[in-house]
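Just so it is clear, A, B and C label the chains in written order, and each chain counts residues from 1 on its own.
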Amino acid sequence: METIVSNFLGLYNYWAVVVLMMMGLYVLTAERNLVKKVIGLNIFQMSVIMFYISMAKIKDGTAPIIVDGARDTVYSNPLPHVLMLTAIVVGIGTTALALALVVRIHEEFGTIEEDEIQEQEGRG
Amino acid sequence: MSSPLGELIRENLPALQVILPMIMAPVCVLVRHRTVAWFLAVAVTWTTFAISLALLQIVRAHGLISYAMGGWEAPWGIELRIEPVNAFVLLIVSGISAVVLSAARRSFEEEIPRDRLYLLYAAFLLCETGLLGMAGAGDAFNVFVFLEISSLATYAMIAMGPHRRALTSAFRYLVMGTVGGTFILFGIGLLYMVTGTLNIEDLHHRLQAIDADRTVLVALVCVLIGTSIKLALLPLGAWLPNAYTFAPSAVTAFLAATATKVAFYVMARFVYRIFGADLAFERFHIDSVLMPLALIAMFLGAALAIFERDVKRLLAYSSLSQIGYMVLGLSLASVTGLTGGIVHLFNHALMKSGLFLVMACAAYRIGSTRLSALRGLGKRMPITAATFVAGGLAMIGVPLTAGFVSKWYLVKGALENDLWPVALLVLLSSLLAVIYVWKVVEVFYFQEPPEEAGRQEAPWSMLLPTMFLIGASLYFGIFTDGTVGIAEWSARELLGGAP
Amino acid sequence: MDPSSALLWVLVGPALVAVAVAALGRWPNLREGATLVGASSVFAGVAGVLLPSVWAGGRPRLDLVEFLPGLTLALELEPLGMVFALVASGLWIITSVYAAGYLRGKNESHQTRFFVCFALAIFGALGVAFAGNMITLFVFYEAITLSTFPLVTHAGTEAAKRAGRVYLGVLMGTSIAFLLLAVAWTQHLAGTTEFTVGGILNGRVDSQLLPWLLALYALGTAKAALMPFHRWLPAAMVAPTPVSALLHAVAVVKAGVFTITKVVIYIFGLDLLQTTGASTWLQALAAFTLISAAIVALSQDNLKRRLAYSTISQLAYIVLGASLVTTSSLVGAGLHIVTHAFGKITLFFCAGAIYVGAHKSRISEMHGLGVKMPWTFAAFFVASLSIIGIPPLGGAWSKWFLASGAAEAERLPLLALYMVSSLLAIGYLMPVVGKAFFLPPDDNEHDDEHPIHEPWMCVLPPVLTAAGCVALFFFMDPIAGLLGSIWTPPGGAP
């Protein structure tokens, strides 16, 4: 019993990631409003960013700056943070493009509700 | 190449390949003139083509090239790694970019508001950067970054299509594509977590020694889902038909030959180069999932194509089916099968982009690619129609065309694995190809053109590149030394044997 | 000329003719002249250069291109191919004359396309005859299908289009799904598809698998019109008669049975099939096709359709001969390719002549026509006798060899089958002649509007080929000897 609890609690960051990820996917597929879809997409992406960041965390680790002399300090892994900077930029690019597309769709179809768009598409 | 400058260029070829289009894309935006931008873009694509030819020569002569970005050695720095396989992929991407872009000017000017054309050329170059980078990158994270660069450019290009449904198609592709990309990112994260490296070679070595089954399996699944979305393996490839149908005609020709192909290469590279055949096939048996999916894609794609009334979408469905062949080759996990997959990647790129260019010609003159609008095309645009027939025969896989070569290897690979029902299914699905190609041919030749239509052939600037691509797909059906040789070499390399 | 390079020149001859015909499309007389000159020179090449070489035991060979590792496009001429090439190129000349007369008599459109495709089909047939390995044969086999498709749909009507779909669907479908698989499998098992006397599969295949492999070959070759893949042949009868004559009595269907015969001799080898009995089921299927097609033929009123079913039945003779795997039965199969070609082309010529001359296509309308078209019906009569197998006509010999092959293989029920089918052939061919000569003509007021005429270009060819049927009876020995030399070349050890 204890091991199960400690397993669960010890891995709580991953559980959070999984919950976020599923939430994102759900919003993405279930919502019919395009802007909400974009939000879902964002949540989905964020979950993976959280995953990287929490992975880098080491207990009692500090920022990886070598202060002279202190060679046996424990550092957090800096690499995932760097990677996620890139991923966040990519995410912003995607969101910007998605929102731009939503604006254009609104101009052309007069709505951002998926159902109404599909109805118009059906008519050609 | 003995001068210092020549030496410098030679040493930095792998980086130049990726950076050149990246730098020229903003230049295209700055000049703000459609024809100048087009000239620039064409010049860049042909230069990258020349570079990739040179790279292929170097790789063939001296083996792999490892290029350390900024002088930081792998596995710490960012590595560009040119092997036989991706030298081949680079050649396809840059070659198709060059030919399609050369043909595209008139078609773009007809379909897209002229004041926005320079933006399209910029997006085109960015997309090429992304694709070349994906193929060349030596570490897993940069594969993801370049994948997103190419994807973002692709969404923008599709959205520029002449019909308003291009917007919704682009949006849906964006959603699917981003989910795919994020899955790949997640998989890479898991791999990093268990190995502590991102370099592909390094990952491979460290994974062999690791006993963290579940994490590795989840990573593998995530990567497979992500790449399956990007390469449009059914059922995850549902974004493809609309995106291809509503994108500008020449963009479709470009994407069909490059985007899915590079994604296929990424899948093959992850499966064979990172996880390795032992892990992926012996331990996790991914073939038991991939092979049925590939077979379903082959048949479902072709069946959808048979009932389609718009030729552009018909070709898109056919792409879904042909992607099934490639994945089938991958899932056979043998030199012969993988050779079939890789050679089909090349051959299909040639014939499908050729066929989509044919449709660009038709759309340019007739303004539609619906079957009902293309009646009697054999009389109205005889050269265009004849080119379509030649390309169609290649896609069916008639002997002495490129399509035959790849199917032969797939069938042979299936027989070698004692999977003769699979061999039969490969052949049966090419029968479906006969049906959907012939349906189009009948409309071209057996239906009379509308009364008012005269003979109006497409401009030569579009026809010549089209004929070049289709001609190539016939040429590579007879003189196969080059393609099959490189593909087989690549397959051995991927499977980890001596090159 | 060196026989090996002659092989290539003779092969590309028809392709060159196609180009010339396309270029001369505007001048019909020149165009037909080009066809005739081309056809004659091809025949001269076959008979003058290649025949002496093969006769002397030579096997001219030419490797064109190795387009995949282990897959070479290669030409090699051996006796069976020699015979097929002689028949196809020889009858091409006569059919060209006939086709010119027929198309002009009916004022058909698209005549240039017709002659171009015609020449290309002959190109394919010669390629099949000259093929040095199975993959080359397959390539030309498909070339025949593709080049004859526009001929079948020549009329451009809805019916023609439908027939075209059946034609293409069955022929391409079976060849891609089964034949190509068989070729790939053979390549996989034997490492080669080269035609070799005695076969290439001996000792390389589990004898359990042999019948399956043979089935893939036999069913994949739908051009041989074995049931259940025979439907395309009656469907293709919508084509103009010269097409039916040359292609569906000679080039296309004979390419099919030729392929099966060749596979039996050179891929499997007689010994292998004899010892394993892997071809027994094929004998049964061929026998069934033979009888049932003949019975169907009895009930057809449209003359061309009746001839089509008769063809299916006669082709089954050849497949049966091949599947009996004795030397006599295989020589018989080869001979039947020749004699049936001459007989059936005559019958089709006559059917076309009747259609052009009297505008009749149904047998029930032909009462009394014999008196008005004596030459045509006389030729029809002679050719019918040859198909039935009555001396002194060529058909008698091939049936003789086939029957003695059945006796050699100790399949006595098949002997009875041969007799029954000959009776059936009498039943479906003789009434045509009988009604034409002995029944009084129907009273038909339209007769005056359509006076019956026999254009010489439509009458001379059937008379010539009917004479050929007679001649074959007296000159059968050299052909049989040539075919026999497959196993015992005159020049050296077998």
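Operating definition for what follows: contacts are C-beta pairs under 8 Å (C-beta built on N, C-alpha and C of every residue); 3 or more make two chains touch, one makes a residue touch a chain.
Everything quoted here is computed from the prediction, not taken from an experiment.
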item: Chain whose averaged C-alpha position falls nearest the assembly-wide average; value: B
item: Farthest-lying chain, centroid of Cα atoms versus that of chain A; value: C
item: Whole-Å separation of chain centres (CA-atom averages), chain B against chain C; value: 45
item: Between chain B and chain A, distance of the C-alpha-averaged centres to the nearest whole Å; value: 28
item: Whole-Å gap between the CA centroids of chain A and chain C; value: 70
item: Multi-chain contact sites of chain C, meaning residues that touch two or more partners; value: none
item: Set of chain B residues in contact with two or more other chains; value: none
item: Touch list for chain A against partner chain B, complex; value: 21, 25, 28, 34, 37, 41, 44-45, 48, 51-52, 55, 79-80, 83, 86-87, 90, 93-94, 97-98, 101-102, 104-105, 108-109, 117, 121
item: Interfacial residue positions of chain B with respect to chain C in the complex; value: 393, 396-400, 405, 408, 411-412, 415-416, 420, 423-424, 427-428, 430-431, 434-435, 438, 442, 446, 477-480, 484
item: Interface residues, chain C side, partner chain B - complex; value: 65, 67-69, 71, 73, 135, 138-139, 142, 146, 153, 156, 161, 165, 168-169, 172-173, 176-177, 180-181, 184-185, 187-188
item: Chain A-touching residues of chain B, taken from the complex the two chains share; value: 141, 144-145, 148, 152, 155-156, 159, 164-165, 167-168, 170-171, 174-175, 178-179, 181-182, 185-186, 189, 192-193, 198
